[in-house]
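My questions all concern the structure below.
A, B, C, D and E label the chains in the order they appear, each numbered from 1.
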Amino acid sequence: MDITLIYYLVPSLIMFCCGIYGFLTRKNMIAMLISLELMLNAIDINFVVFNRFLYPGSMEGMFFTLFAIAIAAAETAIAIAIIINIFRADKNINVEDASQMKN
Amino acid sequence: MDYSQFFAMKQEIGLLVVFLLVFLYDTFMPKRALGATGWVAVGLMAIQTLFGFCPSVSQSADAFAGMYETNAITACIKNILNIGTVIVMIQAIRWSKQDMVVIRRGEFYELILLTLFGMYLMISARHFLLFIIGLETASLPVAAMVAFDKHRYESHEAAVKYILTAVFSSVILMMGLSFVYGLTGSLYFSKIAGAIFAEGTISLMLIVAVAFVIGGVGFKLSLVPFHLWTADVYQGAPTPVTSYLSVISKGAGAFAFLVILWQVFGAVYSDAWEWMLYALIILTITIGNLFAMRQKNMKRFLAFSSISQAGYIMLGIIAFRGMGVAALMYYVLVYIFSNLAAFGVIGAIENATGRVSMDDYQGLRKTNPKLAFTMMLAMFSLAGIPPFAGFFSKFFIFTSAISQGSVAIYVLVLIALINTIISLYYYLLVVKAMFISEETPVIPEFKSACSERFAMWICVAGIIGLGIVSCVYNGLLDMVSTAC
Amino acid sequence: MESAGSIIMYWIIALSIVIFSVLTVTTRRILRSATFLLFTLFAAAALYFKLDYEFLGAVQIAVYAGGIVVLFVFSILLTSHPGHKSERLVSHRKWIGVLAALAALVVTGGALISRCGLACASLPEMSNPTMKTIGAAMMGTGSEQYLLPFEAISVLLLACIIGGVVVARKR
Amino acid sequence: MFSNILIYFVVIPLLMLGLLAVSQNMKQIRAVAVTGSLALLGLSVYLLTDYLSLRAAGADAPMLYTDSWSWFAPLNINMAVGVDGISIAMLILSSVILLTGSFASWKINPHPKEFFLWLVLLSTGVFGFFISIDLFTMFMFYEVALIPMYLLIGVWGSGKKNYSAMKLTLMLMGGSAFLMLGLIGIYYNGGHTWNIVEIAQGNLIDPSWQNFLFPMTFVGFGVLGAMFPFHTWSPDGHASAPTAVSMLHAGVLMKLGGYGCFRVAIYLMPQAAEELAWIFLILTGISVVYGAFSACVQTDLKYINAYSSVSHCGLVLFAILMLNTTAMTGAIMQMLSHGLMTALFFALIGMIYGRTHTRDIREMGGLMKIMPCLAVCYVIAGMASLGLPGLSGFVAEMTIFIGSFEHTDTFHRVFTILACCSIVITAVYILRVVGKLLFGPVYDEHHLSLTDATWWERTSTFALIVCVAAIGCFPNFFEELIKFTFSPQIFAVIGMN
Amino acid sequence: MDFTIPLLILAIPLGMFLLLGLAGMKMSHKTAGVLGTLGMGTVLVLSYFTAFQYYFSGNPEFISEAGQRLQSIIFNVDWLAFTPNLVIRLGFLLDPISAMMLIVIPTISFMVHLYSLGYMKGEKGFQRYYAFLSLFSFSMLGLVVATNIFQMYIFWELVGASSYLLIGFFYTLPSAVSASKKAFIVTRFADLGFLVGILILSFYTQTFDFITLTSDPGSVLASTAGATFMGCSVLTLAMVLIFMGGMGKSAMMPLHIWLPDAMEGPTPVSALIHAATMVVAGVYLVARMFPVYLQVPSSLEFVLVIGAITALYAAVVACCQIDIKRVLAFSTISQIAFMMVSLGVARPEIHECLGYMASMFHLFTHAMFKALLFLGAGALIHAVHSNNYTAMGGLRKYMPITHITFLIGCLAIAGIPPFAGFFSKDEILVAVYGYSTFWGIWMSCVAGLTAFYMFRIYYLIFWWNEPDYHHRPHDGEMVMSLPLIILAAVSTVAGFIHFGEFVTWQGHEYQIHMDYVVAGISVAIALVGIFFARFLYLKENDRPRRMADSCRWLWTAANRRFYWDEIYMFITHKIIFNGICRPIAWFDRAVIDGSMNGLAIVTNKASVAIKNLQSGRVQQYVLLYLIGALLLAVITAWCVL
């Protein structure tokens, strides 16, 4: 059996879709962030796998992943800060409740 | 390793210097001197703006092996953003003196400068990694700015919505990029374009990649259907932040969008994304207008209006090879002045009375005629009424689009033109409230701060002058045609 | 043809990625969710190791597992009441989520499969990137070298720090 | 730039704007308005005489006083000016109506300053439109003229003014949306120039494109010309507008529509005009009869006049579409004639309304006894409208009918006869109003205490009556004035006589 | 001939109109009246001079060597050039008929001016009245001297307008207002036909000029040969349509309905406009275009039939009217119809177009005696303050002058020799018998009826029974009586004029010779009519009532003018106003305007309908975001791949 590119990509895509599912259904904002992390990770894996399988001569994908991890960290930091902030204001981090402005 | 390459990034470095000076001033100056932070930041930013007009800045350069590019066009769009930023900063001075904000006002200016830096990168990046970093720099700290008004729950809610959507959009964008990388093996614009061109045929993977990239960048521009965050965020954010988001961020996004679409995916224009663009333009203009019609909150109203304006901006992208770039830049410039005039008035009124509803504007003419007049000019300019600048920018953007000459474009432009009627309707609603309504004015007479008036004067001058003084547009067009 | 060990390795990693991902988004306790995320991240790190990107794997563990997940855990503890469960999902909401996820899967998966030549590539030989080459690329200004993004991301992080301060700072 | 006389048609209103902005009281405002409009009138009369002497001296270019200053050079947009007989006629019309309109709003209230500011801005647009021969500047001035209407009606209007102002603005802007597309299309398919004379002389627009662009521009201007079925802004708009605005709008602004249809749609695209005229002939033919019939049952004076304008302006477009010199000359005369008499009507209606506070003819009667001067003027206006010889309506309509009948086509002739029918229907509704409003017993006792016209009202109406009668008595003058407009070099492509 | 005097003939009334119209308010009644009358007097002198010049000077401009009277254009200025060929000129054409009209119009007009000084004394708007009279005189003179058909049309409209103004002179009376409106609109409708006729004719002949049209009609009309418009020969169509204009002005059936109502105007106005001058414009028009009509015999047939029917109808109706002015109005209609019939039967082969001459002769005499009758009626109305004969009776004692003059008028119209009407009517009957015996008998009957109804009112007014008069009626003052006497004198002697010397077709002299058979028959019939009237109405008795009762329906129908007004009311109100105008106005508001508003409403509805897209829930935003991105990809892929 030959483990080809697609074998690596399928788990990554599943992971991505799990992220989407979680992001769309979870009510807790932190859970949504966790789902986002899943998606980001799936993208990282994509880059790495593409790099490794198709373009082994360069390191572009790997570096993108490297920076993406940093970006993810920054995103998470800001997002968590804001979520905690809203928790302080409202004692609640249910995303359903953050829907006062509409139409 | 040639670190001198950094010197190609004159504007970025200048901006960072401004940032550092503001940071140092805010951190180390005695408390009594901090009242001037705003003006210091404005002054420094003004210098940076002037600096941008130095001829040496607009020289073409290409650094880090093609990862970064600067030329007359990028310098110019950065200058346009600088001008807008200066105005936003002036408008923010009064706001930043509020009790809740005053302790963090230094940070506000710092964040503006840093996000502007991110936009610089977006504009000049010719490599997707740098682009993503610029994009994130331009959008993540904005979430913190949106959450600036701690006493208003809306501000928090807006920040949450913003950050969640922003991160999701960057995920979509990066997913698309991963596909692009998989297809072409590179993240350099030029190499990707080369690979796509070499491949000749078009694949599903490329289409998905393009769609995801458009979706990711469309978030910044709030193109429909990637726009849903816009209204809530604009409404919830403090007014200076809203105005910053609606003009500067949008302008940078528009230009970056243009660069990416044409420089990266230019080869598959007619195959892959021409019709996507048409659909997005029609949707954006129409849906934005339809929502704007009903809005009562002025900021939310302008949010939808800015969505539909983004649709018009997109028309400039179609004619990239013709006059599109100049028309787009001109549109953004005019849009900055018009929209900032409107936000200036909204901010002044909000600061003085805390009112932002259109119903409160009834009879504004009687109590504050100058504000009402400024607002009316802004509305007329946004609606594209001559002799105000908005008319010219709309005309030129349509002209540039039609220069592509296909029948589809005529239909597209016709739809856009018909939409201008709807937009005129809601812009006139504001005018009606201020000038025609005979109800007792809600807003008492007040004197706006001198910073606010200063900013409004600049905007009014721009609205009136930018169109009639043809050298602005002529200069842009000249510059673009020599640079291309 | 790969060795049986490597194939087994692959399956373990793949399955744990899939299973833990699914668990992450389906478990109702938020703290468990964070834990499963950690496992998923570990599995991803393992994948990087398997694909010979040791440095990346290390970074993954250090930053993600070590940093971000901890951040999550702290914030969960900060924001949740004891014994707090995520309430049951309304079922139509769940189905919308599933459908959206499946749609995304079909589109992205379809896109990949459509490029069969690409999707069926087998693992080529590659020399492990050494720290030296990584360092050189990170600090270089040439083609496929990343000094500028490196500097730029520092600005990003700075901006995020200031942003975080702004958000967190009380009066 | 300032050596060209035409530019002063824009400069003077701009100066007026400036002076109005700094004027302090009613006296100064009136002084500025009257002096300025007198200056414009003088200028246009001077232009007329000078033009005629130039023509007599043998100048045979399609446009005289042409000049062009580069504006947006890369797009070939110029501030290009030039006039021919039609433009001059329109300039005179505009300045007369501006002057009389100023008198008619002698006591405008509230905010007289702003009122005159907007009014003058509007006329800036109008004058600019008529002197432009560059499509871009023309369009710009066109829109400049449209938007002040919104505020003028909204702030100083009456009745359901909000609705009417919005409807008017939106519909007219809707027209200009089509127009803008058409103009840009002309630019790209007409040799990348906006200059009307160049395009027309070279007949630069490809015939297949003409078939697309002609309807765009014709409908675009036609909306302002109150072409069926795009006329519905007119009744509501006129009914709600203040006096001077109704005058200016019906008197001048609607002429922008007719003028534009001629100057852009027909002048630049004669082949398409010939090919597609039948569609618009049907529409305008309907306008003519339909407007007249509608006017018969209205009870609001302004509605009657608005529908009558639909009918009369329909005749303008109808005649233009006949594509022959006589009919087009008639169209120009009808534009002038309708402009003057409808302004007269609206002025009088405004004056009557200002006294009785109603415009419903069912609530008035016997005004001849109470305000004989206004009543007599109204009768004269009515007679002009129903085409009494000696007043302007007659010569215009007759020229149109004779010209239209030149067409040998049965289709055209049937429509001409249909249009002729309007003279009877016009008589019906005019006499109905005159009979009800002015004659008969006094309806309302309270009206007995009302006064007759004041001196400024007299000035306003008499000036208009003199103009109406002058056109009606000396129509041959037009031949001289308009002779060169339909120059064979432009209309040769369709073999127009 | 020098153009000064002809020009003055037109300019003086116009100037007087402007003077009295603009400055009248500042003048006293007397000044205005005297000014107007003096002006008209001057015109009278000038036009007599001109007419005499034409008929008697022997100037070669006016009469050829062979004694043929010529058409002569005194002046002709371009007024409006439609095309190089089609030019409206304002000019002055002298020929036999226009010279005749130059006598008739100023004469009657002057009489009316004079008479009105007394009749209208003290009326509000006296100056206005004189201004309008001057305007009318100007327009009517302009009409008759028109050199081209369009000039005629212009003045045609102007006389219509001045008629409108004069009928509505008592503008506070609703009946006067509606009568004036009716008069204008009905004639306007007829003018539409006239206009279309002009359009058609001028297009094919490329000229408006009467002389060009009539001097050699065959060649001018050659271009119309075979040309058809909507299935009709254009020439027939044009001539019938032009005649339609004449029908309107001359109150031929079915366009006659305005004339009886027009009696709401002041009586002198009725005398001038609605009896003597304006209403004969239709006859004048046909006479003017006669050579062209001759080219289309079918159109002359049309003229004949319309005229004959109208004559009978109007005569029958006149027998059953109570209002004396109405009787005179229907009598006018009937007499004008005589003229029309006469023109309709005129053919060169029948007594060298005797009908043409007879028609003009009758026009002339009719103008005189009908003006006389109207002015007499005015004097009566002035005296008893009522239009109805029921308020009169036995007046011969109180108003001798009026009585005598009125009697002369009645005898003249009845056709009793030696009064003027006998001669002219006799010529007409000769012409008609020459054409067709059927129409001859028909017209003879009408002549009998004429005598009957005229003497009916004569007896009812001056004999019958004397009612109670509040004031003793008396003759009018001198200015009112003088015109009566003058006109009576003219009516008595005018028949002896050798009309054939002056007005004939093509200007050749025509010697009138009595056809004693026809003359005898018509006198006999007239006498029968008179004696029948005497039998019924000399003394108060119940014979008239019994006769009316014996065929009540006929009497009622005739009294109600055979319901023409009702039919018109039905058509205009029920069909046009309620059936066309209202639906159109509704359609405009509901459908056209509604669809414009509908666009706005739909936009609004759409705006509300999509508002839930913006639900406020960030997860939905993201869901839509995702769907958007995926759809973008899928649809593009679908289309491209």
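Simple rule for what comes next: a contact is a pair of C-beta atoms (placed from the backbone, for glycine too) under 8 Å apart; a residue touches a chain by one contact, two chains touch by 3 or more.
Worth saying up front: this structure is predicted, and the values here are computed from it rather than measured.
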item: Shared interface partners, meaning chains that touch chain A and chain E; value: B, C
item: Smallest number of contact steps required from chain A to reach chain C; value: 1
item: Chain separated most widely from chain E, comparing mean CA positions; value: C
item: Result of counting contacting C-beta pairs for D-E and C-E, higher pair; value: D-E
item: Centrality ranking, top chain (CA atoms only); value: D
item: Rounded Å distance between chain D and chain E, as computed from the means of their C-alpha atoms; value: 37
item: Between chain B and chain E, centroid-to-centroid distance (C-alpha), Å; value: 77
item: Where chain A and chain B are represented by their mean Cα positions, the distance between them in whole Å; value: 27
item: Distance from chain D to chain B - Cα centre to Cα centre, in angstrom; value: 42
item: Set of chain E residues in contact with two or more other chains; value: 611, 614, 616, 618, 622-623, 626-627, 630, 633
item: Sequence positions of chain C contacting 2 or more other chains; value: 96, 100, 104, 107-108, 111-112, 118, 144, 146, 149, 153, 156, 160, 163-164, 167
item: In chain A, residues with contacts to at least two other chains; value: 16, 19-20, 23-25, 32, 54, 58, 60, 63, 67, 71, 74, 78, 81-83, 85, 95, 98-103
item: Touching pairs - complete list by chain label; value: A-B, A-C, A-E, B-C, B-D, B-E, C-E, D-E
item: Partner chain B, residues of chain E touching it in the complex; value: 603-604, 606-608, 610-611, 613-614, 616, 618, 620-622, 624-630, 632-633, 635-637, 639-641
item: Touching residues on chain D, where the partner in the complex is chain E; value: 167, 170-171, 228-229, 231-233, 236, 290, 293-294, 296-298, 325-326, 366, 368-369, 383, 386-390, 394-395, 398-399, 401-403, 405-406, 410, 413-414, 416-417, 420-421, 423-424, 427-428, 431-432, 435, 438-442, 475-476, 479, 497
item: Chain A-facing residues of chain B, complex; value: 128-129, 132-133, 136, 140-141, 143-144, 147, 150, 153-154, 156-161, 163-164, 167-168, 170-171, 174-175, 177-179, 181-182, 185-187, 231-232, 235-236, 294, 300
item: Of chain B, residues touching chain D in the complex; value: 323, 380, 385-387, 391, 395-396, 398-399, 402-403, 405, 410, 413-414, 417-418, 420-421, 424-425, 428, 431-432, 435-436, 470, 473-474, 477-478, 481
item: Chain C - residues contacting chain E, complex; value: 96, 100, 103-104, 107, 111
